[in-house]
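Here the structure is laid out as structure tokens; the discussion comes afterwards.
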Amino acid sequence: MLIHPDRLFPAESSARKIAENLYEEIRALPIVSPHGHTQARWFALNQPFPDPAQLFVQPDHYVFRMLYSQGISLDDLEIGRHVEINSRNVWRIFARHYYLFRGTPTRMWLDYAFQELFGMQDRLSEENADFYFDSITEKLQTPEFLPRALYDRFHLEVLATTDSPLDSLADHKKIRESGWKARIIPTFRPDAVVDPEFPGFLANLKNLADQTGKDTSTWPGYLKALRCARTRFRDHGCTATDHGHPSARTANLSPAEASQLFNSVAAGTSDAQQNELFRAQMLTEMAGMSLEDGLVMQIHAGSLRNHNRRLFERYGRDIGADIPTPTNYADALRPLLDRFGNERSLTIILFTLDESTYSRELAPLAGHYPCLRLGPPWWFHDSPEGMMRYREHVTGTAGFYNTVGFNDDTRAFLSIPARHDMARRMDCSFLAKLVAEHRLDENEALEIARDLTYNLVKKAYRL
Amino acid sequence: MLIHPDRLFPAESSARKIAENLYEEIRALPIVSPHGHTQARWFALNQPFPDPAQLFVQPDHYVFRMLYSQGISLDDLEIGRHVEINSRNVWRIFARHYYLFRGTPTRMWLDYAFQELFGMQDRLSEENADFYFDSITEKLQTPEFLPRALYDRFHLEVLATTDSPLDSLADHKKIRESGWKARIIPTFRPDAVVDPEFPGFLANLKNLADQTGKDTSTWPGYLKALRCARTRFRDHGCTATDHGHPSARTANLSPAEASQLFNSVAAGTSDAQQNELFRAQMLTEMAGMSLEDGLVMQIHAGSLRNHNRRLFERYGRDIGADIPTPTNYADALRPLLDRFGNERSLTIILFTLDESTYSRELAPLAGHYPCLRLGPPWWFHDSPEGMMRYREHVTGTAGFYNTVGFNDDTRAFLSIPARHDMARRMDCSFLAKLVAEHRLDENEALEIARDLTYNLVKKAYRL
Amino acid sequence: MLIHPDRLFPAESSARKIAENLYEEIRALPIVSPHGHTQARWFALNQPFPDPAQLFVQPDHYVFRMLYSQGISLDDLEIGRHVEINSRNVWRIFARHYYLFRGTPTRMWLDYAFQELFGMQDRLSEENADFYFDSITEKLQTPEFLPRALYDRFHLEVLATTDSPLDSLADHKKIRESGWKARIIPTFRPDAVVDPEFPGFLANLKNLADQTGKDTSTWPGYLKALRCARTRFRDHGCTATDHGHPSARTANLSPAEASQLFNSVAAGTSDAQQNELFRAQMLTEMAGMSLEDGLVMQIHAGSLRNHNRRLFERYGRDIGADIPTPTNYADALRPLLDRFGNERSLTIILFTLDESTYSRELAPLAGHYPCLRLGPPWWFHDSPEGMMRYREHVTGTAGFYNTVGFNDDTRAFLSIPARHDMARRMDCSFLAKLVAEHRLDENEALEIARDLTYNLVKKAYRL
């Protein structure tokens, strides 16, 4: 067996028994996935996924980062190559280095998929690489492994994608019109048109104008265009926005100041400091629009993108060299909170890559401001240890009810059940410890387990 | 039962047994409470506490912060209203939302008081809200629930309040003169006259002059006035000062520079930077006075006060919107330590809201400088998890004997036994783990448990 | 018994059993000590170590820091005195205060040496201080306790010292020429000639010129001299360099800029900012030289040296008053990584005193860049809790194979077996938890235990 039925539960037998009981009750609840990076296109077209290398290795930065760190080049993995990929060879390299993933969550997600989806029984290794490759390749061609079939098999209730305001949402429309009963919804992620340092920003502004029929060369016109785009997203089922900023900085400029700043930005003459201020102001503007239209706001702050200059120059964005940085929330969010912090009909979900902020800033903020909620452990912190630290650091001050359940946040569609299962098990383990130490009754823990798995995410994301 | 006799002990049976044994030996030791925010007036007047809403909900920012974060307004809780409070209604709101506190230390403190003081057996809920309200209200009117009776029942040996240098200490005097055998002592907290940004600072300086007969319009006169005020506190039994500063910054200006800075401050013309420098210099001055008069110095640094502008404008200070910030100690304390760091007759107790400083700065500092000691986990960190993290992060470098036992630091008098009990249990759990992993002998652990509970606090605070 | 055979293993019985099994398999593996501060001179001369006070108390800053923090002066410990040391008296003071070390790793290291090397059975105390003193003194005079005999007894395979480029390496040469079969190798630590704020820096440059025959008054000549010195170290078996910098800052100046900066530095006219920039540039230069000559590069960043001004003025460097500071790696290392980050034949091992960087910056960096590896928990963090936090924070992102095994990093030669034993036990405990929670197979854990103990260090340090 690659994965054990009691995995991730506490070793101590009384706590383990409690964890098992809790898990049994929530194991089969539907998956609500309110934030991630799967593609609507897969479900619109419903074509087979390609071979295992193109499915598991090349698109997953968790996987190829680790391989790269140990001296395997992206050329070896044929990343960035668009023709004649020798997938079997890539897979063999991966299999030979699978031991590198010991102790990581990635290993657990992969083993889950290998066993539960593809029926594998032995750990992937150099020896069985070809057997894996052939078995998976074969299964992927069967109807049971088409994207829509997997969506149903995974017991997904909602799946949110993440999309540019410039996206036509044609794939979402196609899914809807197909009559297939699934809820795949877009998320409004406006980085491309609110971050002056985003590649092609000025052209993006123009496209936004074309798409919305608003004049994005003026501050009022630009805001109108954004409102239009948000409305279009809402019409396609969107309930949330998402903002990926290098810092959590917000600003609260007067309309005149904001307008002047926008003019520099739109003219392409703004410097780094002005760009940061503009992003900061736009978070506050977006909060204001959320108050109007009810879209839940997500802030993913603190990632230093494209840290590896050479890889960025050769392969572009998202090639796995983003590095977290120290992030301040108490000062950074103050301008936004000064304006909207006490609004009870606004929901802002905060994410961090800086775990030192959990107990120092985030739990105190979310445990006070009615508009704030804490997103689950993000990215480098979605390991079992990271999930445990999250609960241990935030619960004392923010409780359970200022958190919003789990996000898988993944591009790897096949890892979704494994990721949610890990989160469910870790929540049960945390709760089991509280019960075993007589801090919660078991029936309370059960109610909380259900809330963390299902109710809180639906409420927070207004699904 | 609301609280279990084995609560907070490790689930694993061998460690639990050790923890139980340790706890049994220290459970009944007297409570020494060297820092907190109870009011001497309660004990001077010895009047019944009001109803449960006014006792448990309205004054406790741990409680109303959480309710506020979930959309209950301070108006709903009738906070800030001085007449015609519908306490039963406030209590019902609280009861209906009591589930929000699951997993928090507040829930454990409250359940302890409900069961141990008021004999409750079922968890507070919407259903039993009125029963709770009526039972507690009735009991509060009985002689056993008068402040002095509770002080005795709690087995308090010392209770320190926290007081402005402008306070007449009349209540402390009255207690003393009443002949009641209790040790309720003031703590000298000079923020009102050393922080230029404290509301009414200039008027406070004038009051200090009136009270001490010294001319507070000059630097030497101001220092004399502070010395006078400290002497008056010492005459009332005070053994410690307390300093609540936004940062831990200290300064070591020449007398001429300090005098010039004071002139700006006293003229009300100082800017934010000068105000910060003045507070920094005053920490060093206060350390110097402590060296003279023997008062132990407490530094509570790193709280960004009154973060929620709107609530501050409407309700004023201490309404629960203080947020921790990253705090530097290694650089910030250096000027003070350059001058007084090697003084063996000086005691400075450091507190932090930034847990990342435990192992990085505070344990190394306290594990070296003879004047430094580490205060217990503060405020947002006084949860079971926070207490465990504290021991796990500081013990390796600073040991047990550079720490000073527990502070309840509370305004909620009825929570004092619960808070100390939690600290005792967590210390026993930590020690039990060390014994179970063969890092300490059980007899050593027992000695340490007694020191952490009783001896270290008396020694550090010179009680 | 002072030390228990099952010490440091999890209390829970199933995990303990696994930890015991793992430990049994790696317990007796040879010790590879690739970084530390023992002296080649001991082994070159092979003279008896002095009495216990001079062996265990005076040279060990872990020991005298703690004593100093509790009011024992360095005069009491006769530190800095070179004649007529009353060692018995120093030892008695230490014994009387031995309880201060409860819960610290120092206590475990000392107890290990007392029991395993000197056969002690009762914990050191005021009562048995003289018995300890006499027994240890007597044993130290026997052949079994000579440095070379201990080296063999400790089952050391490699022992690296840390040496200035100005060191003649005569002791290393003498050891080699003695025919004794031991591998004691120097490490190239160039602080004295690359840090403009190092005491005697300008004189050091001159000495470097004399020693290498290169003109260190020009930038190209200075670089040549450093290359020469590195070659000399390599000829003596050196495989690594070590860099102790106040921050992790690196720079990537053009040759012209670097040359101009060097001119200021070499003229003694550089200011603090230029000194920092020079150190930053030198890290990048050293990385470049490592790429040429294959020496592995270690960066120990983030210690604020000589924090206690008065002790520094009286006793000089290394008297135990170094304090960690917040350290940034993501920005600081970028210039170096821009230039060399993707080099697969370069190895840079990063150390930190700021644990908040483990999961936030270091694991993501080491889990991506092929040249980066993570050194073990350093200095204030080499406690059992610190070691556990290290694995818990880095494994999810960087795995096991981007770490490099253990460093004892000690001046206390007799503590080496105890320190390595602690690291082995903690790694087994961490692995046992993963096995008990069904995240690893036991045979995988065994392979990892061997890698963490023996294989990774040999590979990373190219031994």
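Read from first to last, the chains carry the letters A, B and C; within each, the first residue is number 1.
Rule of thumb we're sticking to: a residue touches a chain if its C-beta (ideal position, glycine included) is under 8 Å from a C-beta of that chain, and two chains touch if they have at least 3 such contacts.
In this text, all values refer to a predicted model and were calculated from it rather than measured experimentally.
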Between subunit B and its twin subunit C, rotation from the CA superposition, multiple of 5 degrees: 120
Copy pair subunit A, subunit B: interface residue numbering same or different (half cut): different
Computed distance of Cα centres, subunit B from subunit A, in Å: 40
Per-residue multi-chain contacts in subunit A, two or more chains: 10, 12, 326, 356
Subunit A-touching residues of subunit B, taken from the complex the two chains share: 3-4, 6-12, 65-66, 68-71, 99-105, 108, 123, 304, 307-311, 320-326, 353-356, 380-381, 383-386, 389
Sites on subunit C touched by subunit A in the complex: 10, 12, 14-15, 326, 328, 330-331, 334, 337-338, 341-342, 344, 356, 359-361, 363-370, 372, 392-393, 395-402, 433-434, 436-441, 444, 447-448
